[in-house]
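Note that the chains are named A, B, C, D, E and F in the order they appear, and that numbering of residues resets to 1 at the start of each chain.
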Amino acid sequence: MSEEIDAEIRTTHVLDLAAEGKRLDGRGPDEYRKITIEPGFVTTADGSALVRIGDTAVVAGIKLEPGKPFADTPNAGVLTTNAELIPLSSPTFEPGPPQPGAIEVSRVVDRAIRAAETIDLTRLCVTPGEKSWVCYVDMHVIDHSGNLIDTSLLAALSALTHAIVPAKRFEIADADYPLDIQHYPIECTFVRLGDAIVVDPTFDEERSAQGRLTVATDEAGHVVAMQKGLIGAFSPDDVKDTVRRAFRHGDELRARARGGAP
Amino acid sequence: MGSVGAKEVPVLLSPEGLRIDGRKLDELRPLSIRAGALHQADGSAAVEWGANKVLAAVYGPREVHPRHLQQNHKAVIQCRYNMAAFSVDERKRPGLDRRSQEISKVIGEAFESVVFVEEYPRTSIDIYIEVLQANAGTRCAGVVAASVALADAGIPMADLLPAVAVGKVGGAIALDLKKEEDNFGEADLPMALVPQSGRLVLLQMEGHLTEPELAQALDLGVKGCREIYEQMKRALRERYAVGPTAGASS
Amino acid sequence: MSEEIDAEIRTTHVLDLAAEGKRLDGRGPDEYRKITIEPGFVTTADGSALVRIGDTAVVAGIKLEPGKPFADTPNAGVLTTNAELIPLSSPTFEPGPPQPGAIEVSRVVDRAIRAAETIDLTRLCVTPGEKSWVCYVDMHVIDHSGNLIDTSLLAALSALTHAIVPAKRFEIADADYPLDIQHYPIECTFVRLGDAIVVDPTFDEERSAQGRLTVATDEAGHVVAMQKGLIGAFSPDDVKDTVRRAFRHGDELRARARGGAP
Amino acid sequence: MGSVGAKEVPVLLSPEGLRIDGRKLDELRPLSIRAGALHQADGSAAVEWGANKVLAAVYGPREVHPRHLQQNHKAVIQCRYNMAAFSVDERKRPGLDRRSQEISKVIGEAFESVVFVEEYPRTSIDIYIEVLQANAGTRCAGVVAASVALADAGIPMADLLPAVAVGKVGGAIALDLKKEEDNFGEADLPMALVPQSGRLVLLQMEGHLTEPELAQALDLGVKGCREIYEQMKRALRERYAVGPTAGASS
Amino acid sequence: MSEEIDAEIRTTHVLDLAAEGKRLDGRGPDEYRKITIEPGFVTTADGSALVRIGDTAVVAGIKLEPGKPFADTPNAGVLTTNAELIPLSSPTFEPGPPQPGAIEVSRVVDRAIRAAETIDLTRLCVTPGEKSWVCYVDMHVIDHSGNLIDTSLLAALSALTHAIVPAKRFEIADADYPLDIQHYPIECTFVRLGDAIVVDPTFDEERSAQGRLTVATDEAGHVVAMQKGLIGAFSPDDVKDTVRRAFRHGDELRARARGGAP
Amino acid sequence: MGSVGAKEVPVLLSPEGLRIDGRKLDELRPLSIRAGALHQADGSAAVEWGANKVLAAVYGPREVHPRHLQQNHKAVIQCRYNMAAFSVDERKRPGLDRRSQEISKVIGEAFESVVFVEEYPRTSIDIYIEVLQANAGTRCAGVVAASVALADAGIPMADLLPAVAVGKVGGAIALDLKKEEDNFGEADLPMALVPQSGRLVLLQMEGHLTEPELAQALDLGVKGCREIYEQMKRALRERYAVGPTAGASS
């Protein structure tokens, strides 16, 4: 019960600050927390990265294995994206099958990667209709202080960018080779706090939010995916304004994901 | 969209600017809405929209099940969007897949944004959407049906929620995609509008749109929602003018 | 709690009426509610029907897909029957895995279809031991006002009767062709209400019942399946009498399912 | 029955009217019933019937689990019929398949028709049936075992429930089918009788029977049940004459 | 609640007795309960045994079926071990998916069978990489009065010892032949009761125990598996002493399992 | 161990008695422990040990979920050991397999042997162990991490639990096996020690050891645990000397 009251007090505080154009951690409405990217974090993966945005941390790992293409896309490899919101990472997550929240993160990240045509799936075909690479993108959330979508996609993209296709190990080619990245989608998430719409929400801001909006952009000036979440509403003008901001942030984050340097 | 390795893309837009079914870019598919289509539910609706057939039922406010989801200061809204095994070309395994679970979540959140949940603390308002026949736009058809079902159940809401998807086909922004347009189109953007406030409570998007295209799509969607809104109100007026009628089909 | 008392009052009322030979909706003990059959209701299915018995409604859809025959029947296709008692259709159904009630409906309908040899499964074999058609019969209960078994079987049979094998689409033959129906099973369900045994029970009658008995007959004068359900008992003479009544109703309903006309 | 594409049907009935194991049409397979075969259960029984080996255990009246199934005015009966992985020719995956769930349901309902459930409100009476070796007729063997186990547990009932399946083999109505008769026979009709009232509380059927054949099958089954009833009573008398004994096997 | 108090009283009693070097059923600390082995108990299995240790009873059944070898062991058959702790056997077991306790029994028995190289899996290969026998060892606990691990392994070993590979039935060879047993692992389980460490615990002793230790030995003088379970601790000297006792018991039980005679 | 049909066994021990990574038989792999590595958990630790990367988090004492597990006289310890999909060579399906469930059980029991659970009746102390990168010995790394996380969370315990696996490679008893040694070695014996009492609360074993080898392995393991114990204490001193720091990686 005290937990519930505590949450209520924090919500009020977050909203009061927002009304004055302020945020709990002193950031401006259009400012991300500190971002660090550590590519190659997991050597058992074919590609990996540990990404932190503020106190939120996600480890993404890529695994490539030979499999069978889908019947309706015999000339293409298979991409499988999965986010695990494990109970280690937050007092609000419970053990058990994936909850709607975890499924939403998986699917929103998956949508951006897929719609942006991040990897050319036809290049993952080995024998049409028979054999193709299955590319697993697993995102393991290890610390949840808000904004899981942006952190997870950034981790996935960084991991993909450095991934090596283990063609030699599986005796499919004479040598391993880097996974071919065509496009670099970046997701930027905003929440409404009263009249303010702020980027990169913390956990407390998400809990206080009156609507969440994620916009994924690519490096060529396209919006490739969007997702409105949580209880709340956005006007079309809010959306247009948010898209503009997402393009600005997208360029900066994209450079980070591609380089992997701080 | 993004159908990797698809064989050949059909011509989706004629030189005259007409779509594969002869519609103009800003034209909706035929839509029929019937409130009170089911007998057991507290409120219900049947929607036929193009080649979509969708049912919605509302139960509640009633006891929360499972109990630990109960909230002290408001009703919880539990939404379940489901597709019948035979509703799509390739048989779908019964039960909720990940797509259905995501859609259930965003639709539930959309309705929680307009239903006066604080009027029914410690209860559950359960929204069930069943897609019997699918042809692109089923989540929007589901929102429309559920909206009418909620009204039919007498649940107080700020407004009805018209919904429609906008897309990009043959290079042009188009309203209310049908299946071939969705499969081979360049973008899909479903949305649900609160007409009185002009705000969106559901918004998703996938594909490729430039910033101006996106703005155009939003505006076209809002326009489409307002048309649908009129039909929703008409369906509710009919329901209460002629009294309850039965039958999920027309 | 008021729900429980309400149910008890209704039960008493149903039984009191039955003692006078009456039913809540004015029907005689051997009278079905109004039946409507709408074949071809779902165009995405290879065969379909919407069937209503009174306020109960079931949509059945047939899907035929190439698959593998079972090892012990290499020369036969596969028949799979599934009833979904979705929570949309009744306040008593909950989301989640199939409950015993749904499984019983599926299996009792399946038993009638299978025992009657409704379709000649050997004609669904493509290559013995390797490839055969899998025939899915999915019954989607959309309004539950009692007597799900009879309604579901009638919907399944009507859907099968009009089903087309999509042989061309799957490149197995040059043209699609109708599914070959050999026999037409019909299930008739009765419940005991005190000394009365009435056909086609409503939801309230099922809840008040002291036993339920379903008898499936074919057009050639056979009983092909039976199922006693619910708490309650029937004497052998009750059963014999019920079988006689089931044959009478069977003929009438069969004609409806075959014709599909009202 | 109905084994589609089966290779060759064996001769199930000799010209002299004898069955593959030499039985007459109205003859039961050897049946042995031992009450109190297990140590942990409140009541138990082991049944060997032809080549079937079936155990039953009863726990309760005890707390209801899960709690929400509790009923205010009576005990709930929870029945679980399960087959061991090795009990059939082709290994069965552990856990309840749909067939087992259906059988659990109808057996539970059969017992709820005779147990005086109103004597134990807010409790659960749990019946567990385990098939260790199967050879047609396991649900009936399970009912017989569970019946004796309930009596062994001291649960008050209107009567014991003898049970047997009748079938049609080689054109004739026959009592208590064994596996080959069930596989290649023309009908199978399992039933459970309340001997004192002469009424059936379990009845299922699959196959092809004319109306007169069905009547004949019912009468033969009732006769078989009455024979089994005597053996059930004998098993219970033995149990209480000689005191508790141990061991699931004879 | 009375159940809980009852358990507490029994625990105290068990520990008090143990302090005097006594056990509830009069056994010495290093004495097994009466053991009976009934091989061939289930004729539908390819090998089987009913084993009782005191009032604990387990039926093990072996099934051999053609299947596919694992990719990393193309020249070997597959061994699958599963213990079912069905609710029939104890008031403490509930219906549903396997609980951690059942999984532990399965895995500890499996570990002993596998580590001891009980059967030569390479002899279960039919066609390398393509076809091999899958050997299912299913242990069905039917009466749980303590010490499930020892009873289950003894049942599994007895069943394996008498198992016949059904090569003729599956048309893989002209005749069936016995499964080839290379080694005979035996597991001996001990629990700590205060300062005493006793073998073959009853259900009450397990519930009172301050630690459980299982030691599996083979006929050639190896420890092949161990498992410490339950809350409690053992000193290295305790372990060494227990191992010594396990070898002694192992020889006696092994003779029983191989012979199957009482 | 026991890798049936494995192609060729590498030389695990050089003539000089050195192991494939140059270690001596009683030498640990490099171990780094960082307390307080996570922000959300009440206590946490990151362990890098050879090529293992393992995280542990502790939540509690807090409400028990699900409720019926609550105990009146003590806290329940719920332990979940999980491997990330990408932590092993062949991708692991997400979720707990049977191995993970067994390990979760024995680790939970190990901690319940040292945590003063009676101080927090009706609560749950939840231990989550996540293996991000695995190279043999992950359960021991998990115990070390969880131990430090419990201390970091301020949970009162009799002692920390150092843990290590001993094995047999190339005929010799060796401390702290790495993956190739584990795959091709002759035995594996993971253990966790209560240093102050000198007793083991976790002990498993698989392979082939004679009685003297087993005794030797136990003694070597205890020695290894005592080394690790010093590092665990150092990590906790560092944590409280320099104040909380962030970051799961070094």
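Going forward, contacts are C-beta pairs under 8 Å (C-beta built on N, C-alpha and C of every residue); 3 or more make two chains touch, one makes a residue touch a chain.
Small disclaimer: the values here were computed from a predicted structure and weren't measured.
Novice: Looking at the contacts, which chains touch chain A and chain F alike?
Specialist: Neighbours common to chain A and chain F are absent.
Novice: Counting hops between chains that touch, how far apart are chain C and chain D?
Specialist: Counted as steps through touching chains, the separation is 1.
Novice: Of all the other chains, whose mean CA position lies farthest from chain E?
Specialist: Of all the other chains, the one whose centre lies farthest from chain E is B.
Novice: Which chain's mean C-alpha position is the greatest distance from chain C's?
Specialist: Farthest by centroid: F.
Novice: I'd like the Å distance between the centres of chain A and chain B, where a centre is the mean of that chain's Cα atoms.
Specialist: So the centroids are 26 Å from each other.
Novice: What whole-Å value do you get for the distance between chain A and chain E if each is reduced to the mean of its CA atoms?
Specialist: Each chain reduced to its C-alpha mean, chain A and chain E end up 47 Å apart.
Novice: Can you compute the centre-to-centre distance for chain B and chain C, using the mean CA position of each chain? Integer Å is fine.
Specialist: Each chain's C-alpha centroid was found; their separation is 31 Å.
Novice: For chain B and chain D, what's the span in angstrom between their mean Cα positions?
Specialist: 51
Novice: Hey, what residues on chain F touch two or more of the other chains?
Specialist: Nothing qualifies.
Novice: Could you tell me which shape the graph of touching chains takes: line, ring, star, complete or other?
Specialist: ring
Novice: Report the order of chains around the ring; begin at chain D and proceed in the direction of chain E.
Specialist: Moving from chain D on to chain E and continuing, the chains are D, E, F, A, B, C.
Novice: Spell out the residues on chain B that touch chain C in their complex, using ranges where they run on.
Specialist: Those in contact with chain C are residues 38-41, 51, 53, 55-57, 59, 62, 65, 80, 82, 84-91, 94-95, 126, 128-130, 132-135, 246-249.
Novice: Quick check: in the complex, which residue numbers of chain D touch chain C?
Specialist: 1-6, 98-99, 101-102, 104-106, 109, 112-113, 189, 194, 197-211, 214-215, 218-219, 222
Novice: Give the list of chain E residues in touch with chain D in this complex.
Specialist: Counting only chain E, the residues touching chain D are 38, 41-45, 48, 50, 52, 55, 57, 59, 61-63, 65, 82, 84, 86-91, 94-95, 97, 136, 138, 140, 142-145.
Novice: Quick check: in the complex, which residue numbers of chain E touch chain F?
Specialist: Touching chain F: residues 72-76, 98, 100-101, 103-104, 106-107, 111, 114-115, 117, 121-122, 125, 211, 213, 218, 221-236, 238-240, 243-244, 247 of chain E.
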